[in-house]
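What follows is a pair of complexes built around subunit A, which joins subunit B in one and subunit C in the other.
Coming up: the complex of A and B.
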């Protein structure tokens, strides 16, 4: 049967230079023909490093220290560089996260596809016209037009989803045995994501190629993978068939990761994993998950747990591979009767960028103490709308009312009080905090501007950090000493410190891991329930809406196509766009996380 | 000012973030051998210039021997065209070059940074005016412009500093503006605008600290050029006037007899050369460190 093993990885170790810190270690994997392996982990788990090592490639500042990567009987790590180069494309292919980086903007897509073909097989076998045919064939396979007109286009003339399909076509055109896909659907809308996933799945089956699909999102991986490998801190902590792992995860980390995925029905509570993954430079001895594990005991910290085979082909690195914790039913959101006086009203708002209209006729109301979700894909105008509300996009027509009083268009023309009452949290926590200021300075800055001198600055900082569930001793740190989740909490703390009535959250979880995202959502629910904060939650993720908001407004191409109470919109969506959003989002409830399967 | 803040250790029992604060630009640059070599060279020449006047055996204007005599006892490098001690004049002559170069650099880079940040942040008409004016100034080679003004108004020190300084402004402004444009795009600047922080404060508190890497590189580069220019103008007689001891002037005064008494030219020439090579190496180190070449995964 060995002929059917396409990929065999043994004892793979990748270290950083010059510190020799282990980024990936003790990795053993096997993958049969036509199978798709889902490689899941949070950021910093080493999954991308492992993915690249499968192509015998090491990023700058890292090197593959030992082990073997055998693809179809040949160990790539011992091949001479020239042969490895030739093997890429023909034997193993790679589809990166952003297709834009894989495509040459200056070359027509047909030229690029043909180049992949020439690079991948002996030239004489592929004469001109055969090459042309192959290009057309592969384009049809990824559901793109094969017309000469299309083949002559440049990458910038294609949409993001089409670009990603071209990247897939480029990977498959040389008929490789193994394809490594690194989060290829990041940044695509749910409908395109679904199509891309289907294409990958179909192509792997059709070509008999094996795939390694890297992602942080269990919901995406569950839909495509035959086998799963969960990575934590550089090691594969659980591996087995997708069915077995999803039905009964035996590693506490896997179980928590699954419970962190938002439930589209919002019946199960989405629970984050406290803390964050250790960096390769500061991994604890013993089980790396121990600091975050509820079941940790002394022996976990004493030594690295060896892999245990719990059932055939299902291995777990845990000293007590047990049954997963039971999912908890979600605590209901506070009822949204919409009866409260509106904090914020948007009336007949239209905005344009140059000549193109990005928003038109927007009507939106945020009742006091409730959460309104603004749901839309990228390009729908949702960021423009939220920036207009906070005064960062003054070029619009229409009215924005705060407590019935019209706001000036630009933030500098609003009163201090108005600026204080509406606070904004940005999407990317890596850019939203000035890297040259400490957390304390970051939190105090806005307070000083909006509320003047404060009597006890330390108390203000401590209180704000506490409300954002951050330890007080972080006050002295700089942003680059914090994880992504912590940075986003600092951004939230900065907003809370000024005592706002309305918090505008612009895609604030989209650049975070699922486990961290869940805990941020928990925090927002808490703020709403405990402090009566009103929220405008801007997102593309429909499952989050269900778990957080009382009302939803669906934005498509600058217009609100549907709005109403979340319950109503989800059970009986009126607009076809809303319906397609609900249908294309991966419905994912692993068997063990179903509430009814217990009791 | 923030580079020295101590990093609090995480409380025991909490997961270590692992991510230590990324080392500051200076620290990162110091890891590179070129930076350290540059520092040694610069320190050497700086030491001569600063401590020289205290160590000189004679007064720089005192006549001690016949003109252009060779090395002798108490006069290891001989005498110059008027019979003054070459070593003493060399030891006294560095301070002026360095002082003038530093002053010109400070004016040029300071003013250029200011314009660059303002232009990059406010954009619009102001940006256009600043950058187009800069283009006009850039059309004149630095040395030619300096010669023009100095020969019209006369060799005045304040003018020398001003002319050299101003010639740096457009280049510095351009570099700082580019760096500012990148920072302006980031959300923390928008966050400050949303809460209504005054524009001037945004420039000083949010933008300037984040272009400091580009500014440090620019400072080193402009200093290197200033040294060359000041020494060159001194050589042309447009800097300090005789009988002051000055490296540029020394080269000019003694060049006719370079075959007979090479020391009087060789000493100032090599000092200026070593200094520019030194500052250039430091600059290069800073530039490499700021874009992260050679940064690996370190513990």
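Coming up: the complex of A and C.
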């Protein structure tokens, strides 16, 4: 750690307009030269708002109400607008979450890189030449080609990883002192993510720049940050060196957040956090985490805990810091002997979109009562395969057998009984539920079609919601009155209501927070154990596979390159692609969450 | 991209041909004798026979259409029944008069409307934005002849007496009488602008909210560059279609305005021709207006395609 301070935030408060709701409040942070601060929080915690405030920017509908953001000795919040503009890109730069939408689709990447250097102010010839050299230099630094042909490309002509590298290059081109990175690897494949993270790390070191790395992913942050700040409901609830926080989290939220991260070795149980984060408009008095905290007492609900320094440089906002729950060993999954009769068999399936073949030679078996994970990165064809199985993508050759009986290719040509037995849960719970229908209507919809008239519809709804761990009184709500996790549970309840034998889950946790993801995984394990439900779990996340499935099939470019029992595939992977996937996934085992670290 | 443009041009020609069929069917091929319909009940047998010969109404329908189409393609549109002049010669000055009026209206309306729309978006939710929204809504709701009459009341007959109420120029080209052109042009501008303003505002609002505009600001670019380089070009793409529709509407909308101001263009010519049952003139003008529609929309499509780098850089 070096002495001079690059970033000093004091008493920062950002409010919503016109509600005056506090989105970010009472934030104090300091960051030394060359340090990387990991800013961790779930959706709605205010981390992006805070990140933008570090550049003195507030999104429409928000406003920076008070506090100071001092970067290299100058308070950006009191500088005149013109000075702030000059500081952006030169003193403090920003790397956005999704470069696909943050790069201007109508401008060549060269234009977008060059303008960071001089805006449009200087038109002198020698400056332009210098600029051109600098563009090429920074492109080489992020391991992209520096040819004129490449510089003349438009953003849509680049891959997702290349676009993110451009965004990184754009941030570093002005040699800033501080870089704010807002979830720069979310949405990227693990291999691309690893390369991007390496690039970020190398660039920060090379330029001696400090970084604020915003993420919801503890595993990623742990690999890059020197210091950690955990945000909940607009406040920093715990801050300290990464080592100290990961070894002994003192705030119950931090501890629960760490325990919610899936364990790649699947030895520790991944436990979700019940409930969901409060919206800025309806934050409880007292500690915002109290309603979800097992350790909460009356005084937690009464007063807002002030930050307490538990050790030097490690502060916690909790009235009784330092009694986190211990990690529990994972309960073993049902034995995956594969002895049960197969519910579903896929034989020699190849599928295409128009003339492009996206799947070929797929062989897959789902044994009764077990879970098969379909693991693949984006574009591997895993969604196409699951859509073909459920009858939504009829353009395929080969056979799909349900209990040994061949299914028609298209959903319309399958019998009601066949459709009832195979149910599908979609990736995005925000789009999968009709916003104009109540939960009750949503759950009953497929039941009425597939099972005809039911004697007691209310009992069906109650039962389905209960199996999806939802309160019965949610039946009258509309989707927009539910949180993301609740929506996904409604989608699961809707599928369960028809009494399926096989549930196809297409990346159902990828748009959810890690704490919510864990509770969905818990639910799926419970459904498998208690009800003997068979699952086809489609995912890109290796750690989830290990915690949920007995079998795994690894999909690459439309072919299954490796399949077998999860234990075998993960301990002795045969195929190089499987090996690279395992290697590229961050191995996250903070000292605190290690089983052997205690008793 | 060239293949796409070629396809659109081809499609435009097909549509133009379809329009010619409809025009033919709606005028000459109506049940009953076109010549009798034109001349009315009191026509003498000699005149009737002469007109039937001119219109080839004795021939089978397909032959009639063939002859008419062949004439149209060779710019031999027949002679006006009202004044005996060849249609081309009769219409040429009127077409150019109307084009002058439309061009002036388009050249003024498009940039002004785009600027007002963009400005309104930049001042979103402030008084200026609300005022613009209200005014454009009112203008969009009023029929253009009402707008024209109100303008006449204000500037010509009622309150101020600064501009002529009707177009009363003597010989020579219309642009030699700029004062006479003001009111018709202004009416057309007010008729086509509201939609462009509203679309431009909506498109700009969306673009200004986009992440690439936020990123441009966070890069420390001057606000001028943010707006002119990052925001406006991305907003104009979707608006181009609306501009095209509005400019195409001018071709038809000009009829009412010309009638209102007695402006010697195709609109007035069309009204006269309908009054006189001057079949060749009606046919020629209908085709001309349809052709203008198609050409303007085609141009908008091409501009839209060219403005989209994804299309422009596509391999095929």
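Note that the second predicted complex is superposed on the first by the 588 of 599 C-alpha atoms of A that agree within 3 Å, B and C clash if a C-alpha of one lies under 4 Å from a C-alpha of the other, contacts with A are read in each partner's own complex, and residues count from 1 in each chain.
Rule of thumb we're sticking to: contacts are C-beta pairs under 8 Å (C-beta built on N, C-alpha and C of every residue); 3 or more make two chains touch, one makes a residue touch a chain.
Worth saying up front: this structure is predicted, and the values here are computed from it rather than measured.
K.L.:
Mind checking the superposed model to see whether subunit B and subunit C fit together on subunit A or clash?
P.N.:
Superposition check on subunit A shows subunit B and subunit C fit without a clash.
K.L.:
Name the contact category of A:87: first (subunit B only), second (subunit C only), both, or neither.
P.N.:
The answer is second: A:87 touches subunit C but not subunit B.
K.L.:
On the A-aligned overlay, A:435 touches which partner chain: subunit B = first, subunit C = second, or both, or neither?
P.N.:
Touch partner of A:435: subunit B, not subunit C.
K.L.:
Determine, under the contact definition given at the top, whether A:412 touches first (subunit B), second (subunit C), both, or neither.
P.N.:
Only subunit B; A:412 stays clear of subunit C.
K.L.:
Which of the two partners, first being subunit B and second being subunit C, lies in contact with A:19: first, second, both, or neither?
P.N.:
first
K.L.:
Tell me the angle subtended at the Cα centre of subunit A by the Cα centres of subunit B and subunit C, rounded to the nearest 10 °.
P.N.:
30
K.L.:
Tell me which partner A:471 touches in the superposition: subunit B (first), subunit C (second), both or neither.
P.N.:
first
K.L.:
Tell me which partner A:116 touches in the superposition: subunit B (first), subunit C (second), both or neither.
P.N.:
Touch status of A:116: second partner only.
K.L.:
Between subunit B and subunit C, which one contacts more residues of subunit A in the superposed model?
P.N.:
Looking at subunit B versus subunit C, the one contacting more residues of subunit A is B.
K.L.:
Determine, under the contact definition given at the top, whether A:292 touches first (subunit B), second (subunit C), both, or neither.
P.N.:
Touch status of A:292: first partner only.
K.L.:
Could you state the shortest Cα distance, in Å, between subunit B and subunit C after the structures are superposed?
P.N.:
5
K.L.:
What is the shared patch of subunit A, the residues that subunit B and subunit C both contact?
P.N.:
Residues 60 of subunit A touch both subunit B and subunit C.
K.L.:
Where on subunit A is subunit B touching in the complex?
P.N.:
Subunit A residues touching subunit B: 16-19, 21, 23, 60-62, 275-276, 278-284, 291-292, 387, 390-392, 411-412, 414, 416, 419-420, 423-424, 426-428, 431-438, 445-446, 449-450, 471, 473, 476-478, 480-483, 486, 491, 494, 498.
K.L.:
What residues on subunit C touch subunit A, complex-wise?
P.N.:
Going by the criterion above, the answer is residues 209-212, 214-225, 229-230, 233-234, 307, 309-310, 313.
K.L.:
Taking the complex as given, what residues does subunit B use to touch subunit A?
P.N.:
2, 5-8, 10-11, 13-22, 186-188, 190-197, 205-206, 209-210, 295-299
K.L.:
With touch defined as at the start, can you tell me which subunit A residues reach subunit C in the complex?
P.N.:
Within the complex, subunit A touches subunit C at residues 52, 55, 57, 59-60, 85-90, 93-94, 96, 98, 101-107, 115-116, 119-121, 154, 156-157, 170, 174.
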